[in-house]
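Sending over a structure as structure tokens; questions will come in a sec.
Labels run A, B, C and D following the written order; every chain starts at residue 1.
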Amino acid sequence: MFRVIANKEVGPNIFQLVLKFDNLKQVPQPGQFFNLKISQNESLDPLLRRPLSVFDFEATEKRLEFVYRVVGKGTRILARTKVGNKLDLIGPLGNPFSLAQKDKELNLIGGGMGIAPLYYLAKKLKASQPKVYLGTASKAELKFFESKFKHLGLEYQLAAVEEKLDIKGTALDLWLTNLQKKPDFVYCCGPEKLLAAVEKHCLEKNIAGEISVEKRMGCGIGVCLSCSCQTKLDENKNKRACVEGPVFAMGEVVLSGC
Amino acid sequence: MFRVIANKEVGPNIFQLVLKFDNLKQVPQPGQFFNLKISQNESLDPLLRRPLSVFDFEATEKRLEFVYRVVGKGTRILARTKVGNKLDLIGPLGNPFSLAQKDKELNLIGGGMGIAPLYYLAKKLKASQPKVYLGTASKAELKFFESKFKHLGLEYQLAAVEEKLDIKGTALDLWLTNLQKKPDFVYCCGPEKLLAAVEKHCLEKNIAGEISVEKRMGCGIGVCLSCSCQTKLDENKNKRACVEGPVFAMGEVVLSGC
Amino acid sequence: MAAKNSEKLKTSENDLNMSIKLKSQIKADLILKNPLITASGTCGNGKALADFYDINQLGAFTTKGITVEAQPGNQSPRIAETAAGIINSIGLENPGIDNFIKKVLPETKNYSLPILANISGYSQADFLTLASKLEKRKELAGIEVNLSCPNIKGGGMVFGTAPEKVYQITKKVREIYSGYIIVKLTPNITDITETALAAEKGGADAVAMINTLSAMKIDIDQQKPVLANTFGGLSGPAVKPVAVKMVYQSYKKLSIPILGLGGVSSGRDVIEFMLAGAAAVEIGTINMIEPTAGLRIIAEIKEYLIKHQIKNLSTIIGAAH
Amino acid sequence: MAAKNSEKLKTSENDLNMSIKLKSQIKADLILKNPLITASGTCGNGKALADFYDINQLGAFTTKGITVEAQPGNQSPRIAETAAGIINSIGLENPGIDNFIKKVLPETKNYSLPILANISGYSQADFLTLASKLEKRKELAGIEVNLSCPNIKGGGMVFGTAPEKVYQITKKVREIYSGYIIVKLTPNITDITETALAAEKGGADAVAMINTLSAMKIDIDQQKPVLANTFGGLSGPAVKPVAVKMVYQSYKKLSIPILGLGGVSSGRDVIEFMLAGAAAVEIGTINMIEPTAGLRIIAEIKEYLIKHQIKNLSTIIGAAH
């Protein structure tokens, strides 16, 4: 049982959804997601759930947060959900980011809504003081995320494609510009193009890391094979983004087809 | 634009829905109905609207009321609609009861949820002091209606199939029991069986009157022919319950097929 | 999106050209001011809808299906609701062709948009009778030959699934009728491109797809079919993916225009059908739920064109191939 | 309702008999503790669902479709949402029959419910290879021969629409395989009773209807099909009225049991299919949305039986005729 505590616009078409839960079968880890039912009551449309990554989680307050962009019918309906309403969620689901990277030089790279899961990750990795690189289309889209990362007290840099912040460009441009010291481990989440470019660079430079991929999902629980990703080892051996992913080791799955 | 002012259970599975409107293109007349959209936001399920008769109307307060029984998916969803929500209604629709019956001996007979449209009718006919006969399955179902008719200050009698009130039986039994003086005009609304029996009696005794029939509707506005009723004059000449009805003169349409 | 790009916008609402030319194989083309046509049986004969808005803003109007003789239609209930759809078994209730000509057609004179008469028959002869009675009716821009109504026994559906029959009836109707001829096809078939090609070969100016999918609903408490007629035709949003597929699949095989229909409820749906290959689109069930849907849909198409900076709507026909 | 009548109730939950005997034409019958069978491809091979509840409470489990060779499946995207439905084009991703026998079948040993293997082929020979490799596999109660997958090119769908092919394949498979044989039929056909009768004649113990309806969705902003494979199969509540009609229409013509499926999402839906003539019911898409749907549906069937005072669920099969 999840109850809506807040559901407010925190950027252009970007909403923060705060839920209070009774109990969870598992503590969500950074990189994991929940699958949210959109249709209310007995309505059969929209039919599928919508996957959203955990943005923040507070066990003591029984608080679970998401940040989502309104892009279609499902998220439009979600954005109209009122405080006090109950929501039907399944989760936590999926393979989380690995956290055993303490005391290493860590980079977090987030593009667009790919920033959402990185906040909870950054919180968990705070002791290692990871460097955070965030990019979106406009400055307005970054505002909310900036305030959150600032509050965490981490070193972060920002890029927007339409306006100059730390640089004018993408999260990739931003990261490459700042890449003097070779990091030990890179976490990346965002558009496929960003993942592919960062992965390419890391594989070339022998930097270990993880990426979180976004695939259209049918079930989110591993039963339908909608989200299959081809692995690089064997073209007949697929991995499910909803179970073996969404977080994969760099070089694990073929990105183009993803 | 209609806003929910109240939506509360006033009997077993019976709800009173009170709406505030901005403006109406027409003043609803007793016997007319509105067609209510059930699905919210962009959901396409349930697809069809649900027809409900006007239970009460107050022009000055811009108040429109319905009383409905929860019988299926649509009414179940409607019953969960919260105060403050907006609803999408089309109406008033259909052919109303005729009111030019002043100073005559009038009978109003209502069975089950067929009572709903009779309250607004009774209000309009109050000056003529119609006699009201109401029947339902249980006493609990009548309670709310009784309080409303009592408040109007009209003479009314009650029947329930499961418990003895004025009598134990149906609205038909109740009416026939009390039928000493031949009325000038009879209004009847309720299950098909009730309509057919009252109509038969009236036609035999040469009593004029009107009945309101309940047909499955596709559109409520006369475009789809889902609600066709065969007329008694000509089997190829149908009338639409949503436009030429739901109120028909007694003897106008064939009831069995309705 | 639109707002953000507003500086760059070149195409504004006034520049938009939404008109559609429906080519004829040998007779006159049919020009529509926009691709929205009412689907037969879901808009009556215009009057009821005209209470809600000026229907002359639509591309064309299709009348309720007409048969040779007057028909009372099927018993009630005639409609059942399903998930995002409805099943109807109206059964072609109509006053018959002579009353149609005498009473219905004169009323359509008040409209300035093209009127299409939807005709249904219980035999090949019926279609020819109907076509000849409608030949030279000035009120009409054309006829829609319904070879696909699933609600009449031994009737339309049988023709509609046999390509040779479709070919024959179309050919005969073409010989008689000189206006625009649309052949409306059933989706209850293994391969709709066969009947579509048969219609084209028979001389149809256009095909319309799809009519309703054969379907039923059972009342589990009464343990019997909801519809008095047992079976009916499924329409509405639920069937759209099937209809879009049939249009897409037929587009490259046909050289005549396709009218796409089945569940169109928004401007987005119209665009989807046109990208699949429909030259125009019919709107049915949505009118029953939202009488002013046509107006909203036209506005939504305009929004799309402006957002994507497309001046001529007709350029998107088949663009998803 | 139930509460009000509680004094009169004779049948309580303990009296209910939900078991279903699926007759075989010549071999052993298949007994299910209740009519709920998982639909192939929507429940993986059990493990993922078993995280949510004890799937042994179901009537039977059908595995994801297996082919002779391992298949990577189609490109992404493989799924699109439609009104009250989904379109999938997974493309039979599977490890191939040998890996299935080696790796998947052993895992099913942990379950006590009957397991059915769903098999798909690109040729008649494929089906025979699959049947012979599965013959005498103790883990299996039977096989479901998928003659209807719309997602493989030149494959299943072609057989599935030709009654002679259905007859031949069924007959050959029957000669090889001695367990329970279900033939799964496509709804993308003019008359499903023809293929159903062909399967019966070929020796199938039961038919399952329906597989998915051929369908597509177009991304109007990108102006191209959503699915990488262009077309896919429509399933979910949207298709239920079509499926119920096909079961109803087939029931009186067949003498073998029908497994009904397509959009089943509630106990009411199970009852609807059974009243139409289904001896058992498969649940597909709903598992993807609500992993514990099976449990809820079983409870809802019980509620219905108690409300209507029906002791033996099997007595309602075909009762709406």
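Quick note on the criterion: a residue touches a chain if its C-beta (ideal position, glycine included) is under 8 Å from a C-beta of that chain, and two chains touch if they have at least 3 such contacts.
Computed from a predicted model, the values in this text were never measured in an experiment.
> Taking each chain's centre as the mean of its CA atoms, which one is most distant from chain C?
A
> Provide the C-alpha centroid distance between chain B and chain D, rounded to the nearest whole angstrom.
45
> Starting from the mean Cα coordinates of chain A and chain D, work out the distance between those two points in Å.
Chain centroid spacing, chain A to chain D, equals 36 Å.
> At least two partner chains per residue is the criterion; list those residues in chain C.
83-85, 236-237
> Return the residues of chain B touching two or more other chains; collapse runs of consecutive numbers into ranges.
In chain B, 44-46 touch at least two other chains.
> Indicate which of the five shapes (line, ring, star, complete, other) describes how the chains touch one another.
Complete.
> Under the touch definition given earlier, write down the residues of chain A that touch chain B in their complex.
39-46, 73, 76-77, 80
> Considering only the defined contacts, which chain C positions touch chain D in the complex?
Residues in contact with chain D: 82-85, 87, 161, 188-190, 213-218, 220-221, 223-225, 230-231, 234, 236-242, 244-245, 248-249, 263, 268, 271-272, 275-276, 304, 308, 316, 319-320.
> Quick check on the complex: what are the chain A residues that touch chain D?
That would be residues 37, 44-49, 90, 215-219, 221-230, 235-236, 238, 243, 257-258 of chain A.
> Give every residue of chain A touching chain C within the complex, in rising order.
It is residues 44-45 of chain A that touch chain C.
> List the residues on chain C that touch chain A in their complex, please.
Those in contact with chain A are residues 83-84, 237.
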